[in-house]
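Each chain gets a letter, A, B, C and D, in the order it is written, and its residues are counted from 1.
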Amino acid sequence: MSHNIFGHLFRVTTWGESHGPALGCVIDGCPPGLPLTPEDIQVWLDRRRPGQGKFVTQRQEPDAVRILSGVFEDDRTGGPVTTGTPISLMIENVDQRSKDYSEIAQAFRPGHADYAYFAKYGVRDYRGGGRASARETAARVAAGAVARKVLGPGVAIRAALVQIGPDAVDRGRWDWAEVERNGFWCPDPATVEVWERRLEAVRKAGSSIGAVIEVEATGVPAGWGAPIYGKLDAELASALMSINAAKGVEIGEGFASAALSGEENADEMRPGADGPLFLSNHAGGVLGGISTGQSVVARVAFKPTSSILAPRRSINEAGEAIEVRTKGRHDPCVGIRAAPVVEAMVACVLADAFLRHRGQVGDKVAAASNARAIDD
Amino acid sequence: MSHNIFGHLFRVTTWGESHGPALGCVIDGCPPGLPLTPEDIQVWLDRRRPGQGKFVTQRQEPDAVRILSGVFEDDRTGGPVTTGTPISLMIENVDQRSKDYSEIAQAFRPGHADYAYFAKYGVRDYRGGGRASARETAARVAAGAVARKVLGPGVAIRAALVQIGPDAVDRGRWDWAEVERNGFWCPDPATVEVWERRLEAVRKAGSSIGAVIEVEATGVPAGWGAPIYGKLDAELASALMSINAAKGVEIGEGFASAALSGEENADEMRPGADGPLFLSNHAGGVLGGISTGQSVVARVAFKPTSSILAPRRSINEAGEAIEVRTKGRHDPCVGIRAAPVVEAMVACVLADAFLRHRGQVGDKVAAASNARAIDD
Amino acid sequence: MSHNIFGHLFRVTTWGESHGPALGCVIDGCPPGLPLTPEDIQVWLDRRRPGQGKFVTQRQEPDAVRILSGVFEDDRTGGPVTTGTPISLMIENVDQRSKDYSEIAQAFRPGHADYAYFAKYGVRDYRGGGRASARETAARVAAGAVARKVLGPGVAIRAALVQIGPDAVDRGRWDWAEVERNGFWCPDPATVEVWERRLEAVRKAGSSIGAVIEVEATGVPAGWGAPIYGKLDAELASALMSINAAKGVEIGEGFASAALSGEENADEMRPGADGPLFLSNHAGGVLGGISTGQSVVARVAFKPTSSILAPRRSINEAGEAIEVRTKGRHDPCVGIRAAPVVEAMVACVLADAFLRHRGQVGDKVAAASNARAIDD
Amino acid sequence: MSHNIFGHLFRVTTWGESHGPALGCVIDGCPPGLPLTPEDIQVWLDRRRPGQGKFVTQRQEPDAVRILSGVFEDDRTGGPVTTGTPISLMIENVDQRSKDYSEIAQAFRPGHADYAYFAKYGVRDYRGGGRASARETAARVAAGAVARKVLGPGVAIRAALVQIGPDAVDRGRWDWAEVERNGFWCPDPATVEVWERRLEAVRKAGSSIGAVIEVEATGVPAGWGAPIYGKLDAELASALMSINAAKGVEIGEGFASAALSGEENADEMRPGADGPLFLSNHAGGVLGGISTGQSVVARVAFKPTSSILAPRRSINEAGEAIEVRTKGRHDPCVGIRAAPVVEAMVACVLADAFLRHRGQVGDKVAAASNARAIDD
């Protein structure tokens, strides 16, 4: 990961500001021959799209994606497939309303990247947070859609909100199907109402609130990840921490593992049909930086939206004391819209890990190694 | 970060197994002209060295570092300075006792990387965990010593244990001086005794326990970090998660920020002498992936040591059910010895961020940008 | 350089096919605060544009560039400047005429990348060579325009054709002003007529011909380049060899140096006003992979255009013997239009080397080191 | 390629100075399970070793390589195999004679990297050229030996000198077996005597002379190389140009292709047993940056050794005019000893290209794609 590019063999470059003409990404190194249409990408973008509920920003962006390169009709099927060359995806910005931001052109909003960008670059696009806007995450979601194609149907990645403010879901009531039914990606039907009440209060107060997202990838075979510094969990940590407003990442038991004993924590194994049968998954599917074949599980903490109506003390570019109230259209809880982004980043990391693993050991060795654990 | 190399301009490659002849690192891209002697590095290695207390492994390794390249006498001072070429550092393994590990040659120890390495590579150096051993972290500490030279005395990095098992320090009694006085890197004198009792019990039970480390870097100027995917916090997350046994990383308020309101979380600013004066540091010194000039604060969760005497169910390379008891010399709490490693990784990330920032904006622009925030 | 991305700190990703809707590039890591308008880029694209003479392809492309991100109004001057975030540039394809290529959809044209792409990816965009088309070089030229902004007016880069087919220029008549006067980038007025006659004959024969381009960068200070594997000449070699149809690269005396004696080849030095005064430049401005302060000089050999009307034996995707005649609109000598591309690649390499050098040693050290050579 | 690291998946970091205690390399990303002993590497180092003839330096270095990591006994064969973790190789310097160099501590030798290193870094290890010494190439040769293991016996790489000074071999008499019989890697027995006479004269005159090496890799399947900027020929150009004293690189017909017509240059194809049968190889086995299945052919030009006894005008660190005569032990023609280095660099580039190609398309797709060209 460096600057605006991440990945090693499956490499994603994103570009674009909140209020520029467009944003997009270029995916380099994608395997050839994968069927890919704009609709394959649009379905994921639509899940991230703003303007879909009263607790998300009212900015209306169709987020219609165009594929500008890297796809061509397959001479056998006639359908569009990836060609192995760079896939350029573009999403035009439509509903920008730049005038909303004129007030804050000289102000550093507390909790935002305003001051940091100014200190680094000496110039910044202040409209809607510019490059630091969550709109950039649309490009990640688009890339993630392609990454899912690389991973194939065997690997499933899904995220759920597990906490908003102080209210966590009851894991005993966890139901993945429920996640698709409510606007909060909440796996626990009983918690939905609690969150609604809290968010209503937060919205009325002109305030905002944080959240925690859990993501799970099933079907990841053992062997992905490249120790020591390209460990699968290290790459996930980096990818997830790079999402706007993320402040913490944990794998498997995460911070709770500090309080466990060695007996509790170390997942026992028994012989299984095609590899070890793990009796628990405190590790979150990663040991020594390499996938074990169990589900890969991670959680990301998101801070409250920094754009709030409540007045806050700050300074402006001239260094003068000011007071800031951020009007405009903002999500009271950025975590709610981050679930598709979290999924997309996990998809990209896994696609890259898959290709790198295949590069180092080859299809056959990989298959053989996996099998050997129980067949030898 | 890829495989065994991390960093972009300040680039560290590490190598070596627990029971091979030696381990080491190569640092590429180090600025020239920095005074550097083996002693400058040894002092940090000595802090990480095993065999220094009853709650750490009894393996006795002098960890004497040799500088094999990249340093030459300065023609003005006559003392050794970095030349800008690769700095190769080597530490010989002395106290290996490979026989301790013969029993586990075919076994996959639960919670270890044994199975994952085997599944990935089809072959593994099982002695002491091979490449996955915490001995590898000596190379990180050596690199971190050089990174501190790059950062200069203005940037101070120090870590403390804030939790062992369920017992957290009382932050009201925090005293950095205390960290150097006890064997636990504990900043709270009253907690030392609590931890001692717990560790004694853990050791007697043949068990192990997890921990949380907090690290703080002061003196980091505003502007370091390269959004979007090379964000300073994303790089820290990756670097810290890559440490053996790490399961979670958080920046500033971290997971606790999920429960905060926007007003609580967004650090207010007032005009200060040379830049903004922040009234709080929930952000942990990073906004939008760029340092703000506040202290950079992170925490890392470590799982309990997986090598425990208590018998655990597992399988072997032949896929048969076995029971594993890990004898040998092991730390009951790997977190205790991880503090210098955490510091070293933060130092390396910051040194790299510094050089990259300087590359993109130059000394003068950087200085000017920082100043402009209040002077314009 | 990897796949479709090159550079380290000044990083360029290009995308697009000859007959897709558009092509473009994303420049990551550009220093902030550089004035940049579409016109700054267009002027260079216009130099590369096809349809400007009878010896270049008749395809008519306006090559109008759009800046989609990374530029914003400076709050002091009001003019657009780079912000330090990714600069996305897009050029729409207008005059594609895909029907011209239907005949060769299944054919592998000799000398083209057709077969190689098919063998690698199993699928290919055959229209106009797809990704392998020289149209891709428009994106390079656009990136080069930004690179020139990074380098500033002190570094001048200019290319000239020095050979077409067997006919080389007479270096005794070299006149840089002449390069801008004829359609061949020819620095020797007397050779223009020779080349015209040869190209006329080549065109009539439905054939094509190769060429050699020389490029010179003046104003490059001593110290750029990163030995051992990121040597300035190695990076130039890679960048120039990556241009379509390039088959050879040489620095300074190049292949002719094989026949020199050590006395002839080693450029002698005398004390100069601000550094050494070199008495010759056989080295082409690079020693040990680092710039010396002399002009950086390189040459690139281009093979003849592979798209020719003359029939050639080949095979098709089904492996059957066929005969291929490439109709369509093609340059009889691709070298003629490559001069702006060569300049652009040199600009990108130098901009990247500049930023990396500044990152490692800093503005002040760099300045001091340069000065010290004579002032101490 | 960046600084002292090259390659993407098969990644080589080298370190060490001519007169430091040792030099070496770390190979990261090597596939696991490859048998590897020190002898496998030593055989290639012995071919590069100095002190083996009267026309090479008299410095006596055994160049004994140690494998410090990354290799372990295979549990099936008991022999040492690569484990997929970093392979650290070290060669100790034995015959350094640092006193030889005291005279030049303050001098910039014309044609050397002395001044350039000083201008870049402000400090340099002047002993024997420090990092810029050709001794560094021993590490490349060691890495190349491992790369050959990755490529397997199907890919054969061999180099020959084709020109010393103005004297080129007669290609009509080319005999690869002859290359192993004389001390010049000369494929033409009749030319050996010519070169001997010339080198004797050069040596007596205290002068030196340049050379050209040709390298050929057979058995490279179609599909390796990653366009656009990671083209196989671009990577070869970079790798070969990074060798000490290299000034030019060409692929296939190279600079001569400028004088060819399109009909001559474009290699015709006929149906073959397993892919196209090419009727010529002007392309040097690479089209569009991708291997075609033909032999990969490149040539590298080496300038004359800059260390000569003949006095040359120069300046010193103080900027004063001086005269330099380079005593010490030097090769009159560095090209002679570069043949094993050229082979090694080609091996490393190909191994990396192989792994990257496998990563992107997989074993099966690669195989299928290759076959499809004729089977469909």
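One rule holds for everything that comes next: a contact is a pair of C-beta atoms (placed from the backbone, for glycine too) under 8 Å apart; a residue touches a chain by one contact, two chains touch by 3 or more.
Note that the coordinates shown come from a computational prediction; the quantities given were computed from them, not determined experimentally.
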{"item": "Copy-to-copy rotation for chain B and chain D - C-alpha atoms, rounded to a multiple of 5°", "value": "180"}
{"item": "Chain pair, B-C or A-C, that carries the greater number of C-beta contacts", "value": "A-C"}
{"item": "Label of the chain whose CA centroid is most distant from the centroid of chain D", "value": "A"}
{"item": "Centre distance in Å when chain A and chain C are each reduced to the mean of their C-alpha atoms", "value": "38"}
{"item": "Intercentroid distance (Cα basis), chain C paired with chain B, Å", "value": "44"}
{"item": "Two or more partner chains touched - positions in chain C", "value": "2-5, 8, 14, 29, 32-33, 84-85, 117, 120-122, 131, 226-227, 317, 361, 365"}
{"item": "In the complex with chain C, residue positions of chain A that touch it", "value": "2-5, 11, 13-17, 20-24, 26, 28-29, 32-33, 66, 68-70, 72, 74-75, 81, 83-88, 90, 105-106, 117, 120-125, 130-131, 317"}
{"item": "Chain B contact footprint on chain A (complex, rising order)", "value": "1-6, 8, 14, 108-113, 115-122, 131-132, 136, 163-166, 202, 205, 207-212, 222-231, 233-242, 246-271, 275-276, 279, 282-284, 286-293, 301-308, 310, 312-315, 317-321, 335, 357, 361, 365, 368-370, 372-376"}
{"item": "Chain C-facing residues of chain B, complex", "value": "8-9, 29-33, 84-85, 226-227, 355-356, 358-365"}
